[in-house]
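The same subunit A turns up in both complexes below, where it pairs with subunit B and then with subunit C.
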Partner chain A sequence: MSQPSRFTIFWRTVRGRAYPRIIGLQREKSWFFFDVFLPLLQVAAYVYIYRVIEAPTEFVGFVVLGGAMTAYWMNIMWNMASQFYWEKETGNLELYIIAPTSRMAILLGMAIGGIVATTVRASVVILVGLLIFRVPMTVTNVPVFAGVFVTTMVALYGLGMLLSSLFLLFGREAWHMSELLREPIFLVSGFYFPVRALGFAIAAAASIVPITLGLDAMRQLMFPEMLSHLRFLSPHVELALLTGSAVLFVTLAQRSLAFMEAYARREGRLTVRGQ
Partner chain B sequence: MASTTRVRETWRSLRVAAWLGWQIESNWADPFVFAIYSVIKPIAGALILVFMYAVIARDGLENPLFPAIFVGNAFFIYVPTVLSGISWSVIDDREHYGMLKYMYTAPLNVFAYLAGRGIAKAIIASIALVITLLLGIYALRVPVAFSTIDWPMFAGAALCGAAILTFLGIALGGVTLITARHSYYVGEAVAGALYLLCGVVFPLDVLPSWVRWIGQATPLTYWIEAIRRALIGTGSSAILARLSDGALLAITAGSALALSVFAFVIYRLAERRARHLGLIDMQTMY
Partner chain C sequence: MPTDPVIRVDELRRVFRVRRREAKGQRREIEALAGVSLAVDDGELFGVLGPNGAGKTTLIKILSTLLAPTSGTARVAGVDVVENPWEVRRHISMVSGGESSGYGLLTVEENLWMFSQFYGIDTQTARTKIRELLAIVGLADRSRTKIFHLSTGMRQKMNFVRGFLTDPEILFLDEPTLGLDVQTARVLRDYIRSWVDDRPGRTILLTTHAMHEADELCDRVAIIDRGHILACDPPATLKRNLQREAIFRLRIGGLPDVEAAVADVAGIEQLTQTRRDDHTEIDVILDDENALGDLLGSVQQGGGHLHSLEKREPTLEDVFLRIVGYGFEEAEEQIT
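And then the complex of A and B:
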């Protein structure tokens, strides 16, 4: 019997790891409800703040878009970065290690499945948010908008793959790190207000998280007049930076995974003590 | 004699659970890292509000609503922490450590045990609250002064708030006992809904009327308003302004009392069902 090629194994792994994330959408409907409901609650609270302080309607659109993007960040932290910790806890990580496949293929499968599943959730958050709060939203340049969104996703999930390899060493710290990197990232990446408000230097530092640039560019393309005095960089520059980030993070993830796996093997951190 | 034993058992359950909870929460990192971890999240949450006001509100942080909103948001730190903490401890003990069944074979008071796990979380929330308030007072000029705080009202509201959160947490713990895959979200979903319904970061008055009614039927709305009045002398809502300080406290205390009965009944019903269905040592592998 002939052995499948490395390429075939790679793509089978990607498909196999993406499958449970996509199929999980319809298997556990209550999760879908909560994944949409929780960001909407936060969005609603911030919308009412903007209403109380009589902010222009466009800011409601900012919040709805930011709220939808929180779903991606949560997916990155809980289902990418921490995933190997969960796998370690349930005893799956050893199976990944002994399987004749690439760990990058596993991460890529997780990322593709995560993007599809989270995009469905984020779209529902945006749709419901727009319907409830009646925000007029039009995209001025669809190709650039699509480019920004796709590149943001590639860069973001590249970052998720990189974090996943770093989290390989963690025990319970993985859980706490994922908890910790929620509100501070929502703050510095400007999920609920234009990131430029934090000042150029902080916005530039926060650009290491691709959502910072992606959100700013998408907002500019949706609300060009509103963002004219609050924009960080032009959408084209942000798109170029996002492309650079995507290449950088995916390359770093590959190298980091190989290094961290070897290190974790030596340190005995690929299994849970007492399992 | 029997009642003395019961009191001792309750106290021991509370004390040991609080100690256990503290160990679980804090011993994953050295104290310095843990201290940073405990304060960064709530401060970042408060700063999101600060920037929203600073950038968009016409008068920035001088907006008359800002102090009340800041204080409400700071004290709300307790809500997700304690509610998720208590309900999560059921999942943690049942599925992660596999210890829940042993609790039922030990001489302990389960309500005191759950409350104790909540205390550990409340201690962490208190550290975050103090840091957030100090940030507000010294950096953002939120007018909270030691000499102007209405201490009796603050003490009353704090006591009632602690009771409300504990009982609500125990009721959610009961719900968690009989649910599997949805348990992770229970505390967070309830806290998220309360953040909106209780007018924590905006006056209750701006909500659509049917949502406002639900907010007005929620005990924590009155608790947060009482805390605001005690600390800065004014609330945030025109509707609640009709209530005197005494009325606010009476509603909060009454709610705590009603919730104690509610929590006891819900937990016992859930526990009975969990025993019948064999859910106490359930392993969902989620």
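And then the complex of A and C:
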């Protein structure tokens, strides 16, 4: 068998690792209930709170968009960052490590498979918002909106890859970090309200998580009038910062994966299960 | 012209630091490999034989780039495993006994295809190879079964196929027949042997604690215990050294501690005893057959009676016993 090029191995790895996630959607239908229907209830709860206090309709729009983007954050935490922990427990990690492929390719495969599933959930949330909650959603600048969304995704999954490198070295300890990043991020990233409400300093600190800037920019592009006095930064500045975050996180992830793998190999923790 | 060995290990040491249960915060060191040196030639089926905890898996993990040595060097396909693990990975594959890899929702064929993609194999070649190998191991009729429906043995067969799928130059097999039924183990062993014989330039390093497996399969065997290589030769050579000695298995009733009863008998090279329900089984290596009379006399004097006596050809276990001074089971007990 002739040796395929690194490029061929990279893309075939991405395809191979995305496959179980995508095919899993078709074979295990229960995900629709747990990953789509249940999160919708949470969105609905916030929608009815805003309705009861007679908040402007745009607030419902904030919640729906936040609810859609929550799906991606959850996917990053559960199916990207901590995935190497599960792979280690099942014995797959050893096989990933000894294969002549890039860890980034494996993580990219996971990410693509995860994005497909998560986009279904996000789309359902948006559709329900439009059809049932009758949220007036119009995008004022489609190219910038698309740019913000794509850049947010790249930065977000780059952060997920960076976090996943920790699971090469740590076991359960890294779980605590995942937990720590879940609920507080829901608060400080402004999933259900404009982040500016927390004050500039907190919003700036929360911008380390790309979804903070992504959500704020997308909300401004969907509800420009409402956000005119609640915006954090202008969408163009946020897009620029997101681009910087995307480059930073992907680069850091690559270096961190290489470093952590070498370190874990020295410490003998790459294949130790039940840590 | 002699070629360089495809695997070369020099003074390899690996020390693990583990937490002490009795003293919180303190760590103790376990030396899993204590200066191992060996060389495996191109096209060889090389066995590493030793009890559980001897250092076999640690050795394979270092050679397959999963673990770094504490000191010493290891080269696989001429490449240093520490300096350039990525290059090593282009030449190797590995199968471990009791492996539980793969995704339960995928079928056998899909799982194998997925792993083939990590080596950049095109889909058509991968599918052809998967079907061919599944047929060899008798799993063709399960190719479309999701792997969470497979038995342990079937899953191990799938893992076995995964290891050979990429047609690696060097294959590491870590207890590949562990937990398999006799028939399945036989099929896999036959394939392992034919794979090396039929493909020039393919090398296997196999670890096992099954003596007959090492004896039957390997061109050469290294006997390892507590991180040290104690002997390294073809199985026949290892056993030949014992052929001038007399090896017997005796079953003795009415005397629980045979070892103590025969302690003063001259000419006993090695003796191990195992307690069974109604008798004690002893394996004994004697300098000379003439010592057997004295041994039986001492047993009788101690109140024991002979159930059976059999003279055996030397096995690799006898070789281990002769070199180390205790059997596999005893070695494992000492480690745990």
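The working rule: the second predicted complex is superposed on the first by the 268 of 275 C-alpha atoms of A that agree within 3 Å, B and C clash if a C-alpha of one lies under 4 Å from a C-alpha of the other, contacts with A are read in each partner's own complex, and residues count from 1 in each chain.
Criterion: a residue touches a chain if its C-beta (ideal position, glycine included) is under 8 Å from a C-beta of that chain, and two chains touch if they have at least 3 such contacts.
Predicted model, so just to flag it, every value in this text is computed and none were measured.
Model built by superposing both complexes on subunit A: subunit B and subunit C fit together without a clash.
In the superposition on chain A, contact is made by A:Pro100 with subunit C only, not with subunit B. Contact with both subunit B and subunit C is seen for A:Glu28 once the two complexes are overlaid on the shared chain. Across the overlaid complexes, the C-alpha centre of subunit A sees subunit B and subunit C at an angle of 90°, to the nearest 10.
By the document's definition of touching, of the two partners only subunit C reaches A:Arg265; subunit B does not. Once chain A of one complex is fitted onto chain A of the other, the partner contacts of A:Ile49 are limited to subunit B, with no touch recorded for subunit C.
In the superposition on chain A, A:Glu225 contacts neither subunit B nor subunit C. Look at A:Gly16: by the touch rule set out above, it reaches subunit C but stays clear of subunit B.
In the superposed pair of complexes, A:Phe37 makes contact with subunit B only, with no contact to subunit C. When both complexes are overlaid on chain A, the residue A:Thr90 reaches subunit B and subunit C alike. Of all Cα pairs linking subunit B with subunit C in the superposition, the shortest spans 6 Å. Touching of subunit A by both subunit B and subunit C, each in its own complex, is seen for residues 28, 90.
Interface residues of subunit B facing subunit A in the complex, by the touch rule stated above, are 28-29, 37, 40-42, 44-45, 47-49, 51-58, 63, 65, 69, 181-182, 185, 188-189, 192-193, 195-196, 200-203, 206-207, 285. Interface residues of subunit A facing subunit B in the complex, by the touch rule stated above, are 28, 30-31, 34, 37-38, 41-42, 44-46, 48-55, 59, 90, 171-173, 176, 179-180, 182-184, 186-187, 191-194, 197-198, 230.
Residues 1, 3-5, 8-9, 12-13, 15-17, 19-20, 23-24, 27-28, 90-92, 94-101, 106, 262, 265-266, 268, 270-271 of subunit A are the ones touching subunit C in the complex.
On the side of subunit C, the complex with subunit A involves touching residues 14, 16, 61, 64-68, 85-86, 89-90, 92-94, 96, 99-103, 105-106, 110, 113-122, 125, 146, 162, 166-167.
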